[in-house]
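In this document, chain identifiers A, B and C correspond to the written order of the chains, with residue numbering beginning at 1 in each.
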Amino acid sequence: MEKKEKPMRTLATLCFVLAVISSSLAQKPDVEKKLKELGIILPAPQAPIANYVKAVRVGNLVFLSGHGPSNADGTYITGKVGKDLTIPQGYEAAKLTGLNLLTSLKAEIGDLNKVNRIVKVLGMVNCTESFTDQPKVINGFSDFMVAVFGEKGKHARSAVGMYALPLNMAVEIEMVVEVE
Amino acid sequence: MEKKEKPMRTLATLCFVLAVISSSLAQKPDVEKKLKELGIILPAPQAPIANYVKAVRVGNLVFLSGHGPSNADGTYITGKVGKDLTIPQGYEAAKLTGLNLLTSLKAEIGDLNKVNRIVKVLGMVNCTESFTDQPKVINGFSDFMVAVFGEKGKHARSAVGMYALPLNMAVEIEMVVEVE
Amino acid sequence: MEKKEKPMRTLATLCFVLAVISSSLAQKPDVEKKLKELGIILPAPQAPIANYVKAVRVGNLVFLSGHGPSNADGTYITGKVGKDLTIPQGYEAAKLTGLNLLTSLKAEIGDLNKVNRIVKVLGMVNCTESFTDQPKVINGFSDFMVAVFGEKGKHARSAVGMYALPLNMAVEIEMVVEVE
(Lines give C-alpha, C1' and ligand atoms only; values in the text may rest on other atoms or scores of the structure.)
Protein backbone atom coordinates (compact mmCIF):
# COMPACT_ATOMS: atom_id res chain seq x y z
CA MET A 1 0.00 0.00 0.00
CA GLU A 2 2.70 2.44 1.08
CA LYS A 3 4.43 2.27 -2.26
CA LYS A 4 1.23 2.95 -4.22
CA GLU A 5 0.10 5.74 -1.99
CA LYS A 6 3.29 7.78 -2.10
CA PRO A 7 3.11 8.78 -5.77
CA MET A 8 -0.58 9.58 -5.32
CA ARG A 9 0.25 11.88 -2.43
CA THR A 10 3.01 13.51 -4.43
CA LEU A 11 0.60 14.05 -7.33
CA ALA A 12 -2.03 15.49 -5.00
CA THR A 13 0.53 17.83 -3.48
CA LEU A 14 1.69 18.88 -6.93
CA CYS A 15 -1.88 19.55 -8.04
CA PHE A 16 -2.48 21.60 -4.91
CA VAL A 17 0.67 23.64 -5.43
CA LEU A 18 -0.24 24.24 -9.09
CA ALA A 19 -3.76 25.28 -8.04
CA VAL A 20 -2.37 27.73 -5.53
CA ILE A 21 0.06 29.16 -8.07
CA SER A 22 -2.54 29.53 -10.81
CA SER A 23 -5.05 31.04 -8.38
CA SER A 24 -2.34 33.40 -7.23
CA LEU A 25 -1.62 34.25 -10.87
CA ALA A 26 -5.35 34.78 -11.44
CA GLN A 27 -5.39 37.26 -8.56
CA LYS A 28 -2.26 38.98 -9.81
CA PRO A 29 -2.68 39.66 -13.53
CA ASP A 30 0.11 41.64 -15.12
CA VAL A 31 -1.27 45.16 -15.38
CA GLU A 32 1.42 46.39 -17.77
CA LYS A 33 0.64 43.43 -20.06
CA LYS A 34 -3.06 44.21 -19.78
CA LEU A 35 -2.42 47.77 -20.93
CA LYS A 36 -0.63 46.40 -24.01
CA GLU A 37 -3.52 44.01 -24.72
CA LEU A 38 -5.89 46.98 -24.55
CA GLY A 39 -3.64 48.80 -27.04
CA ILE A 40 -2.93 51.49 -24.50
CA ILE A 41 0.37 53.38 -24.37
CA LEU A 42 0.74 55.60 -21.32
CA PRO A 43 1.66 59.16 -22.33
CA ALA A 44 4.85 60.80 -21.06
CA PRO A 45 4.41 62.55 -17.70
CA GLN A 46 3.61 66.26 -18.02
CA ALA A 47 4.62 68.97 -15.56
CA PRO A 48 1.91 70.25 -13.20
CA ILE A 49 0.33 73.51 -14.42
CA ALA A 50 1.05 75.20 -11.08
CA ASN A 51 2.97 74.94 -7.80
CA TYR A 52 2.05 71.41 -6.74
CA VAL A 53 3.05 67.79 -7.36
CA LYS A 54 1.14 65.09 -9.24
CA ALA A 55 1.06 62.56 -6.41
CA VAL A 56 1.98 62.18 -2.74
CA ARG A 57 2.44 58.83 -1.05
CA VAL A 58 1.78 58.42 2.65
CA GLY A 59 2.11 54.90 4.02
CA ASN A 60 0.42 52.61 1.50
CA LEU A 61 -1.89 55.31 0.16
CA VAL A 62 -1.13 57.46 -2.88
CA PHE A 63 -3.12 60.69 -3.20
CA LEU A 64 -3.20 61.92 -6.80
CA SER A 65 -3.81 65.51 -7.88
CA GLY A 66 -6.75 66.46 -10.03
CA HIS A 67 -5.86 65.49 -13.60
CA GLY A 68 -7.49 66.51 -16.86
CA PRO A 69 -7.94 65.12 -20.39
CA SER A 70 -4.60 66.33 -21.74
CA ASN A 71 -3.38 65.00 -25.06
CA ALA A 72 0.22 64.02 -25.81
CA ASP A 73 0.86 67.50 -27.26
CA GLY A 74 -0.22 69.16 -24.01
CA THR A 75 -3.58 70.40 -25.33
CA TYR A 76 -6.75 69.55 -23.41
CA ILE A 77 -10.19 68.34 -24.37
CA THR A 78 -12.14 71.44 -23.40
CA GLY A 79 -15.72 72.59 -23.12
CA LYS A 80 -18.91 71.85 -21.26
CA VAL A 81 -20.68 68.52 -21.53
CA GLY A 82 -24.31 69.18 -22.48
CA LYS A 83 -23.36 72.08 -24.74
CA ASP A 84 -19.89 71.78 -26.34
CA LEU A 85 -19.50 68.02 -25.82
CA THR A 86 -21.83 65.03 -26.01
CA ILE A 87 -21.95 62.34 -23.31
CA PRO A 88 -19.78 59.95 -25.41
CA GLN A 89 -17.24 62.75 -25.92
CA GLY A 90 -17.26 63.39 -22.17
CA TYR A 91 -16.84 59.64 -21.60
CA GLU A 92 -13.71 59.67 -23.81
CA ALA A 93 -12.36 62.71 -21.93
CA ALA A 94 -12.82 60.85 -18.62
CA LYS A 95 -11.03 57.80 -20.05
CA LEU A 96 -8.12 59.95 -21.25
CA THR A 97 -7.95 61.52 -17.79
CA GLY A 98 -7.70 58.01 -16.34
CA LEU A 99 -4.76 57.34 -18.66
CA ASN A 100 -3.01 60.48 -17.43
CA LEU A 101 -3.67 59.50 -13.81
CA LEU A 102 -2.05 56.10 -14.43
CA THR A 103 0.99 57.85 -15.92
CA SER A 104 1.41 59.90 -12.75
CA LEU A 105 0.74 56.87 -10.56
CA LYS A 106 3.38 54.84 -12.40
CA ALA A 107 5.86 57.71 -12.07
CA GLU A 108 5.23 57.63 -8.30
CA ILE A 109 5.28 53.87 -7.59
CA GLY A 110 7.38 52.55 -10.49
CA ASP A 111 5.21 49.57 -11.42
CA LEU A 112 1.42 49.50 -11.79
CA ASN A 113 1.42 45.88 -10.57
CA LYS A 114 1.96 47.32 -7.09
CA VAL A 115 -1.61 48.66 -7.11
CA ASN A 116 -3.74 46.91 -4.49
CA ARG A 117 -6.90 48.92 -5.02
CA ILE A 118 -8.25 52.03 -6.66
CA VAL A 119 -9.88 53.32 -3.47
CA LYS A 120 -11.71 56.62 -3.95
CA VAL A 121 -12.38 58.86 -6.92
CA LEU A 122 -13.79 62.38 -7.24
CA GLY A 123 -14.96 62.86 -10.81
CA MET A 124 -15.80 66.45 -11.72
CA VAL A 125 -17.57 67.20 -14.98
CA ASN A 126 -17.50 70.65 -16.59
CA CYS A 127 -21.15 70.85 -17.69
CA THR A 128 -24.28 72.91 -18.12
CA GLU A 129 -26.62 73.63 -15.20
CA SER A 130 -29.30 71.29 -16.56
CA PHE A 131 -26.92 68.39 -17.23
CA THR A 132 -27.60 65.46 -14.86
CA ASP A 133 -25.69 62.55 -16.43
CA GLN A 134 -22.33 63.08 -14.70
CA PRO A 135 -22.18 59.33 -13.81
CA LYS A 136 -22.33 58.35 -17.49
CA VAL A 137 -19.41 60.68 -18.22
CA ILE A 138 -17.22 59.52 -15.31
CA ASN A 139 -17.92 55.91 -16.32
CA GLY A 140 -15.32 56.57 -19.04
CA PHE A 141 -12.79 56.64 -16.22
CA SER A 142 -14.33 53.87 -14.12
CA ASP A 143 -14.80 51.38 -16.98
CA PHE A 144 -11.17 51.96 -17.94
CA MET A 145 -9.89 51.27 -14.40
CA VAL A 146 -11.90 48.03 -14.20
CA ALA A 147 -10.63 47.02 -17.67
CA VAL A 148 -7.03 47.53 -16.51
CA PHE A 149 -7.12 46.35 -12.89
CA GLY A 150 -10.15 44.03 -12.73
CA GLU A 151 -11.69 43.77 -9.23
CA LYS A 152 -8.87 45.93 -7.84
CA GLY A 153 -10.04 48.71 -10.14
CA LYS A 154 -13.51 48.97 -8.54
CA HIS A 155 -13.63 52.14 -6.47
CA ALA A 156 -15.82 54.34 -4.31
CA ARG A 157 -16.63 57.50 -6.22
CA SER A 158 -18.47 60.79 -6.44
CA ALA A 159 -19.46 62.24 -9.80
CA VAL A 160 -20.52 65.87 -9.81
CA GLY A 161 -21.15 68.81 -12.14
CA MET A 162 -18.79 71.81 -12.05
CA TYR A 163 -19.34 75.45 -12.90
CA ALA A 164 -15.80 76.03 -14.17
CA LEU A 165 -12.56 74.05 -14.45
CA PRO A 166 -8.93 75.10 -15.11
CA LEU A 167 -8.20 75.83 -18.81
CA ASN A 168 -11.88 75.00 -19.44
CA MET A 169 -10.98 71.28 -19.37
CA ALA A 170 -13.98 68.96 -19.84
CA VAL A 171 -13.37 66.87 -16.71
CA GLU A 172 -11.05 66.86 -13.72
CA ILE A 173 -10.53 63.68 -11.72
CA GLU A 174 -8.55 62.99 -8.54
CA MET A 175 -8.09 59.63 -6.82
CA VAL A 176 -6.72 57.78 -3.80
CA VAL A 177 -4.95 54.46 -4.49
CA GLU A 178 -3.80 51.72 -2.12
CA VAL A 179 -0.43 50.24 -3.09
CA GLU A 180 1.69 47.36 -1.80
CA MET B 1 -6.92 48.65 62.31
CA GLU B 2 -6.17 46.00 59.71
CA LYS B 3 -9.60 44.43 59.98
CA LYS B 4 -11.38 47.74 59.58
CA GLU B 5 -9.28 48.88 56.64
CA LYS B 6 -9.77 45.81 54.51
CA PRO B 7 -13.52 46.25 53.82
CA MET B 8 -12.86 49.95 53.09
CA ARG B 9 -10.23 48.99 50.51
CA THR B 10 -12.53 46.43 48.98
CA LEU B 11 -15.32 49.01 48.75
CA ALA B 12 -12.95 51.55 47.18
CA THR B 13 -11.78 48.97 44.67
CA LEU B 14 -15.37 48.03 43.86
CA CYS B 15 -16.31 51.68 43.33
CA PHE B 16 -13.32 52.16 41.05
CA VAL B 17 -14.18 49.08 38.99
CA LEU B 18 -17.81 50.21 38.67
CA ALA B 19 -16.66 53.69 37.65
CA VAL B 20 -14.40 52.22 34.97
CA ILE B 21 -17.16 49.95 33.68
CA SER B 22 -19.77 52.71 33.58
CA SER B 23 -17.34 55.11 31.91
CA SER B 24 -16.50 52.41 29.41
CA LEU B 25 -20.22 51.90 28.76
CA ALA B 26 -20.66 55.64 28.40
CA GLN B 27 -17.96 55.65 25.71
CA LYS B 28 -19.47 52.69 23.90
CA PRO B 29 -23.19 53.30 23.44
CA ASP B 30 -25.02 50.83 21.26
CA VAL B 31 -25.43 52.58 17.92
CA GLU B 32 -28.01 50.15 16.56
CA LYS B 33 -30.08 50.70 19.73
CA LYS B 34 -29.66 54.45 19.34
CA LEU B 35 -31.04 54.26 15.79
CA LYS B 36 -34.13 52.46 17.16
CA GLU B 37 -34.55 55.08 19.88
CA LEU B 38 -34.46 57.76 17.19
CA GLY B 39 -37.14 55.82 15.31
CA ILE B 40 -34.80 55.30 12.38
CA ILE B 41 -34.94 52.26 10.15
CA LEU B 42 -32.05 52.02 7.70
CA PRO B 43 -33.31 51.54 4.14
CA ALA B 44 -32.31 48.51 2.07
CA PRO B 45 -29.04 49.00 0.16
CA GLN B 46 -29.54 50.22 -3.42
CA ALA B 47 -27.31 49.41 -6.37
CA PRO B 48 -24.87 52.14 -7.48
CA ILE B 49 -26.19 54.12 -10.45
CA ALA B 50 -23.01 53.45 -12.44
CA ASN B 51 -19.82 51.37 -12.59
CA TYR B 52 -18.50 51.84 -9.06
CA VAL B 53 -18.98 50.49 -5.54
CA LYS B 54 -20.60 52.15 -2.54
CA ALA B 55 -17.62 51.81 -0.21
CA VAL B 56 -14.00 50.70 -0.17
CA ARG B 57 -12.15 49.78 3.00
CA VAL B 58 -8.39 50.22 3.25
CA GLY B 59 -6.85 49.47 6.64
CA ASN B 60 -9.16 50.97 9.25
CA LEU B 61 -10.52 53.63 6.90
CA VAL B 62 -13.71 53.25 4.88
CA PHE B 63 -14.11 55.61 1.92
CA LEU B 64 -17.76 56.01 0.94
CA SER B 65 -19.01 57.05 -2.49
CA GLY B 66 -21.06 60.18 -2.99
CA HIS B 67 -24.60 59.34 -1.89
CA GLY B 68 -27.84 61.20 -2.52
CA PRO B 69 -31.24 61.65 -0.85
CA SER B 70 -32.85 58.56 -2.33
CA ASN B 71 -36.14 57.32 -0.95
CA ALA B 72 -37.01 53.67 -0.32
CA ASP B 73 -38.68 53.51 -3.75
CA GLY B 74 -35.49 54.62 -5.51
CA THR B 75 -36.72 58.15 -6.27
CA TYR B 76 -34.58 61.11 -5.19
CA ILE B 77 -35.30 64.43 -3.54
CA THR B 78 -34.40 66.67 -6.46
CA GLY B 79 -34.00 70.35 -7.24
CA LYS B 80 -31.95 73.34 -6.26
CA VAL B 81 -31.94 74.75 -2.74
CA GLY B 82 -32.73 78.46 -2.93
CA LYS B 83 -35.20 77.93 -5.78
CA ASP B 84 -36.95 74.54 -5.76
CA LEU B 85 -36.25 73.71 -2.12
CA THR B 86 -36.13 75.69 1.14
CA ILE B 87 -33.30 75.37 3.64
CA PRO B 88 -35.36 73.05 5.90
CA GLN B 89 -36.15 70.86 2.87
CA GLY B 90 -32.44 70.79 2.00
CA TYR B 91 -31.70 69.91 5.64
CA GLU B 92 -34.05 66.92 5.41
CA ALA B 93 -32.42 65.85 2.13
CA ALA B 94 -29.00 65.95 3.81
CA LYS B 95 -30.33 63.88 6.74
CA LEU B 96 -31.81 61.30 4.35
CA THR B 97 -28.46 61.15 2.56
CA GLY B 98 -26.84 60.44 5.92
CA LEU B 99 -29.25 57.55 6.40
CA ASN B 100 -28.28 56.12 3.02
CA LEU B 101 -24.58 56.49 3.83
CA LEU B 102 -25.08 54.54 7.07
CA THR B 103 -26.84 51.79 5.10
CA SER B 104 -23.81 51.46 2.81
CA LEU B 105 -21.41 51.68 5.75
CA LYS B 106 -23.28 48.91 7.60
CA ALA B 107 -23.23 46.75 4.45
CA GLU B 108 -19.44 47.21 4.36
CA ILE B 109 -18.52 46.69 8.04
CA GLY B 110 -21.45 44.60 9.32
CA ASP B 111 -22.09 46.45 12.57
CA LEU B 112 -22.26 50.23 13.08
CA ASN B 113 -20.85 49.76 16.60
CA LYS B 114 -17.50 49.24 14.87
CA VAL B 115 -17.40 52.94 13.93
CA ASN B 116 -14.56 54.73 15.73
CA ARG B 117 -15.07 58.12 14.13
CA ILE B 118 -16.82 59.87 11.29
CA VAL B 119 -13.62 61.50 9.99
CA LYS B 120 -14.19 63.72 6.96
CA VAL B 121 -17.24 64.76 4.99
CA LEU B 122 -17.70 66.56 1.68
CA GLY B 123 -21.23 67.94 1.55
CA MET B 124 -22.28 69.21 -1.86
CA VAL B 125 -25.50 71.22 -2.19
CA ASN B 126 -27.30 71.62 -5.51
CA CYS B 127 -28.22 75.30 -5.25
CA THR B 128 -28.61 78.67 -6.92
CA GLU B 129 -25.63 80.94 -7.54
CA SER B 130 -26.71 83.40 -4.85
CA PHE B 131 -27.33 80.73 -2.18
CA THR B 132 -24.77 80.96 0.63
CA ASP B 133 -26.27 78.81 3.41
CA GLN B 134 -24.74 75.45 2.41
CA PRO B 135 -23.63 74.84 6.04
CA LYS B 136 -27.25 75.05 7.27
CA VAL B 137 -28.24 72.44 4.69
CA ILE B 138 -25.40 70.02 5.41
CA ASN B 139 -26.17 70.34 9.14
CA GLY B 140 -29.05 67.96 8.36
CA PHE B 141 -26.36 65.33 7.83
CA SER B 142 -24.02 66.46 10.61
CA ASP B 143 -26.71 66.77 13.31
CA PHE B 144 -27.89 63.27 12.39
CA MET B 145 -24.39 61.78 12.71
CA VAL B 146 -23.89 63.39 16.13
CA ALA B 147 -27.36 62.18 17.24
CA VAL B 148 -26.43 58.62 16.26
CA PHE B 149 -22.73 58.40 17.20
CA GLY B 150 -22.30 61.15 19.82
CA GLU B 151 -18.72 62.46 20.03
CA LYS B 152 -17.61 59.85 17.50
CA GLY B 153 -19.98 61.43 15.00
CA LYS B 154 -18.23 64.83 15.03
CA HIS B 155 -16.35 65.23 11.77
CA ALA B 156 -14.21 67.54 9.69
CA ARG B 157 -16.25 68.78 6.75
CA SER B 158 -16.56 70.99 3.72
CA ALA B 159 -19.95 72.30 2.59
CA VAL B 160 -20.11 73.76 -0.89
CA GLY B 161 -22.57 74.82 -3.59
CA MET B 162 -22.77 72.80 -6.82
CA TYR B 163 -23.81 73.81 -10.31
CA ALA B 164 -25.29 70.42 -11.20
CA LEU B 165 -25.61 66.99 -9.57
CA PRO B 166 -26.52 63.54 -10.97
CA LEU B 167 -30.28 63.06 -11.55
CA ASN B 168 -30.69 66.63 -10.27
CA MET B 169 -30.45 65.33 -6.69
CA ALA B 170 -30.62 68.06 -4.04
CA VAL B 171 -27.43 67.07 -2.22
CA GLU B 172 -24.55 64.65 -2.67
CA ILE B 173 -22.41 63.69 0.31
CA GLU B 174 -19.29 61.51 0.57
CA MET B 175 -17.40 60.59 3.73
CA VAL B 176 -14.37 58.88 5.24
CA VAL B 177 -14.95 56.77 8.38
CA GLU B 178 -12.51 55.22 10.81
CA VAL B 179 -13.55 51.75 11.98
CA GLU B 180 -12.22 49.24 14.54
CA MET C 1 50.80 53.16 13.95
CA GLU C 2 48.05 52.55 16.51
CA LYS C 3 48.69 55.77 18.35
CA LYS C 4 48.60 57.89 15.21
CA GLU C 5 45.53 56.22 13.77
CA LYS C 6 43.34 56.62 16.81
CA PRO C 7 43.00 60.44 16.72
CA MET C 8 42.39 60.24 12.94
CA ARG C 9 39.59 57.79 13.51
CA THR C 10 38.16 59.95 16.26
CA LEU C 11 38.28 62.99 13.96
CA ALA C 12 36.62 61.05 11.13
CA THR C 13 33.90 59.85 13.47
CA LEU C 14 33.37 63.38 14.75
CA CYS C 15 33.08 64.72 11.19
CA PHE C 16 30.58 62.01 10.33
CA VAL C 17 28.47 62.74 13.39
CA LEU C 18 28.54 66.47 12.63
CA ALA C 19 27.56 65.79 9.04
CA VAL C 20 24.65 63.64 10.16
CA ILE C 21 23.51 66.24 12.67
CA SER C 22 23.74 69.14 10.22
CA SER C 23 21.98 67.13 7.51
CA SER C 24 19.32 66.23 10.04
CA LEU C 25 19.00 69.90 10.94
CA ALA C 26 18.75 70.78 7.27
CA GLN C 27 15.88 68.33 6.91
CA LYS C 28 14.16 69.67 10.04
CA PRO C 29 13.89 73.45 9.83
CA ASP C 30 11.96 75.12 12.62
CA VAL C 31 8.55 75.88 11.13
CA GLU C 32 7.44 78.20 13.92
CA LYS C 33 10.68 80.21 13.41
CA LYS C 34 10.06 80.24 9.65
CA LEU C 35 6.61 81.75 10.22
CA LYS C 36 8.23 84.55 12.26
CA GLU C 37 10.83 85.15 9.54
CA LEU C 38 7.98 85.47 7.05
CA GLY C 39 6.35 88.00 9.36
CA ILE C 40 3.34 85.74 9.80
CA ILE C 41 1.31 85.64 13.00
CA LEU C 42 -1.26 82.85 13.06
CA PRO C 43 -4.72 84.20 13.90
CA ALA C 44 -6.66 82.95 16.93
CA PRO C 45 -8.76 79.85 16.19
CA GLN C 46 -12.36 80.64 15.25
CA ALA C 47 -15.38 78.47 15.98
CA PRO C 48 -16.77 76.43 13.07
CA ILE C 49 -19.79 78.09 11.44
CA ALA C 50 -21.89 74.94 11.87
CA ASN C 51 -22.09 71.56 13.59
CA TYR C 52 -18.65 70.14 12.75
CA VAL C 53 -15.04 70.29 13.94
CA LYS C 54 -12.06 71.95 12.28
CA ALA C 55 -9.87 68.86 12.14
CA VAL C 56 -9.96 65.12 12.83
CA ARG C 57 -6.84 63.03 13.33
CA VAL C 58 -6.82 59.36 12.46
CA GLY C 59 -3.48 57.58 12.84
CA ASN C 60 -0.84 59.92 11.43
CA LEU C 61 -3.26 61.69 9.10
CA VAL C 62 -5.10 64.90 9.95
CA PHE C 63 -8.16 65.71 7.84
CA LEU C 64 -8.97 69.41 7.93
CA SER C 65 -12.38 70.93 7.25
CA GLY C 66 -12.95 73.34 4.41
CA HIS C 67 -11.63 76.72 5.56
CA GLY C 68 -12.19 80.15 4.09
CA PRO C 69 -10.40 83.52 3.95
CA SER C 70 -11.62 84.84 7.30
CA ASN C 71 -9.98 87.89 8.79
CA ALA C 72 -9.10 88.31 12.47
CA ASP C 73 -12.42 90.11 13.04
CA GLY C 74 -14.40 87.14 11.68
CA THR C 75 -15.31 88.80 8.37
CA TYR C 76 -14.52 86.96 5.12
CA ILE C 77 -13.03 87.98 1.80
CA THR C 78 -16.12 87.48 -0.34
CA GLY C 79 -17.13 87.54 -3.98
CA LYS C 80 -16.42 85.80 -7.24
CA VAL C 81 -13.00 85.79 -8.84
CA GLY C 82 -13.36 87.01 -12.44
CA LYS C 83 -16.05 89.53 -11.46
CA ASP C 84 -15.74 90.88 -7.89
CA LEU C 85 -12.10 89.92 -7.37
CA THR C 86 -8.97 89.90 -9.56
CA ILE C 87 -6.59 86.92 -9.71
CA PRO C 88 -4.10 88.61 -7.33
CA GLN C 89 -6.95 89.27 -4.88
CA GLY C 90 -8.01 85.64 -5.16
CA TYR C 91 -4.37 84.63 -4.60
CA GLU C 92 -4.31 86.63 -1.36
CA ALA C 93 -7.59 85.04 -0.27
CA ALA C 94 -6.09 81.58 -0.85
CA LYS C 95 -3.00 82.54 1.16
CA LEU C 96 -5.16 83.81 4.04
CA THR C 97 -7.09 80.55 3.92
CA GLY C 98 -3.79 78.69 4.23
CA LEU C 99 -3.01 80.74 7.33
CA ASN C 100 -6.36 79.78 8.87
CA LEU C 101 -5.75 76.11 8.03
CA LEU C 102 -2.39 76.25 9.83
CA THR C 103 -4.12 77.76 12.86
CA SER C 104 -6.55 74.81 12.99
CA LEU C 105 -3.74 72.34 12.33
CA LYS C 106 -1.66 73.77 15.17
CA ALA C 107 -4.67 73.64 17.51
CA GLU C 108 -4.98 69.93 16.63
CA ILE C 109 -1.34 68.78 16.80
CA GLY C 110 0.20 71.40 19.14
CA ASP C 111 3.38 72.09 17.16
CA LEU C 112 3.69 72.67 13.42
CA ASN C 113 7.14 71.05 13.48
CA LYS C 114 5.29 67.73 13.73
CA VAL C 115 4.13 68.11 10.12
CA ASN C 116 5.67 65.43 7.90
CA ARG C 117 3.91 66.39 4.70
CA ILE C 118 1.07 68.45 3.34
CA VAL C 119 -0.48 65.52 1.45
CA LYS C 120 -3.59 66.48 -0.49
CA VAL C 121 -5.46 69.72 -1.07
CA LEU C 122 -8.84 70.52 -2.60
CA GLY C 123 -8.88 74.18 -3.57
CA MET C 124 -12.30 75.55 -4.50
CA VAL C 125 -12.58 78.96 -6.09
CA ASN C 126 -15.83 80.95 -6.08
CA CYS C 127 -15.74 82.28 -9.65
CA THR C 128 -17.56 83.12 -12.83
CA GLU C 129 -18.47 80.46 -15.38
CA SER C 130 -15.87 81.68 -17.87
CA PHE C 131 -13.03 81.87 -15.33
CA THR C 132 -10.36 79.23 -16.02
CA ASP C 133 -7.39 80.34 -13.90
CA GLN C 134 -8.28 78.50 -10.68
CA PRO C 135 -4.67 77.18 -10.43
CA LYS C 136 -3.27 80.73 -10.30
CA VAL C 137 -5.65 81.54 -7.44
CA ILE C 138 -4.94 78.39 -5.39
CA ASN C 139 -1.20 79.02 -5.87
CA GLY C 140 -1.69 81.65 -3.13
CA PHE C 141 -2.21 78.70 -0.78
CA SER C 142 0.40 76.40 -2.34
CA ASP C 143 3.21 78.98 -2.52
CA PHE C 144 2.54 79.78 1.14
CA MET C 145 2.76 76.13 2.21
CA VAL C 146 6.06 75.66 0.34
CA ALA C 147 7.41 78.92 1.87
CA VAL C 148 6.58 77.62 5.36
CA PHE C 149 7.36 73.89 5.08
CA GLY C 150 9.80 73.65 2.16
CA GLU C 151 9.74 70.23 0.44
CA LYS C 152 7.29 68.96 3.06
CA GLY C 153 4.85 71.60 1.91
CA LYS C 154 4.59 70.25 -1.66
CA HIS C 155 1.22 68.58 -2.06
CA ALA C 156 -1.09 66.82 -4.46
CA ARG C 157 -3.97 69.11 -5.27
CA SER C 158 -7.11 69.81 -7.25
CA ALA C 159 -8.12 73.38 -8.09
CA VAL C 160 -11.69 73.86 -9.31
CA GLY C 161 -14.33 76.52 -9.91
CA MET C 162 -17.42 76.65 -7.70
CA TYR C 163 -20.91 77.95 -8.35
CA ALA C 164 -21.52 79.07 -4.77
CA LEU C 165 -19.68 78.93 -1.42
CA PRO C 166 -20.84 79.52 2.18
CA LEU C 167 -21.20 83.21 3.12
CA ASN C 168 -20.09 83.97 -0.47
CA MET C 169 -16.47 83.41 0.59
CA ALA C 170 -13.97 83.77 -2.29
CA VAL C 171 -12.27 80.40 -1.78
CA GLU C 172 -12.72 77.29 0.34
CA ILE C 173 -9.80 74.93 0.87
CA GLU C 174 -9.58 71.58 2.68
CA MET C 175 -6.46 69.46 3.17
CA VAL C 176 -5.02 66.17 4.42
CA VAL C 177 -1.75 66.37 6.38
CA GLU C 178 0.65 63.64 7.49
CA VAL C 179 2.06 64.24 10.98
CA GLU C 180 4.67 62.51 13.17
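Some points to look at:
Definition applied: a residue touches a chain if its C-beta (ideal position, glycine included) is under 8 Å from a C-beta of that chain, and two chains touch if they have at least 3 such contacts.
This structure is a prediction, so every number in the text was calculated from the model and none was measured.
Seen as a C-alpha superposition, chain A sits on chain B after a turn of 120°, to the nearest 5.
Counting every residue number used by either copy at the chain B-chain C contact, under half are found in both chains. As a whole-number value, the distance joining the C-alpha centres of chain B and chain C reads 29 Å. Shown for chain A are the residues that touch two or more other chains, namely 122, 162-163. Looking at the complex, you find that chain A touches chain C at residues 49-56, 58-59, 63-66, 122, 124, 162-168, 172, 174. The residues of chain B lying in touch with chain C in their complex are 60-61, 116-117, 119-122, 127-136, 138-139, 142-143, 146, 154-163, 176, 178.
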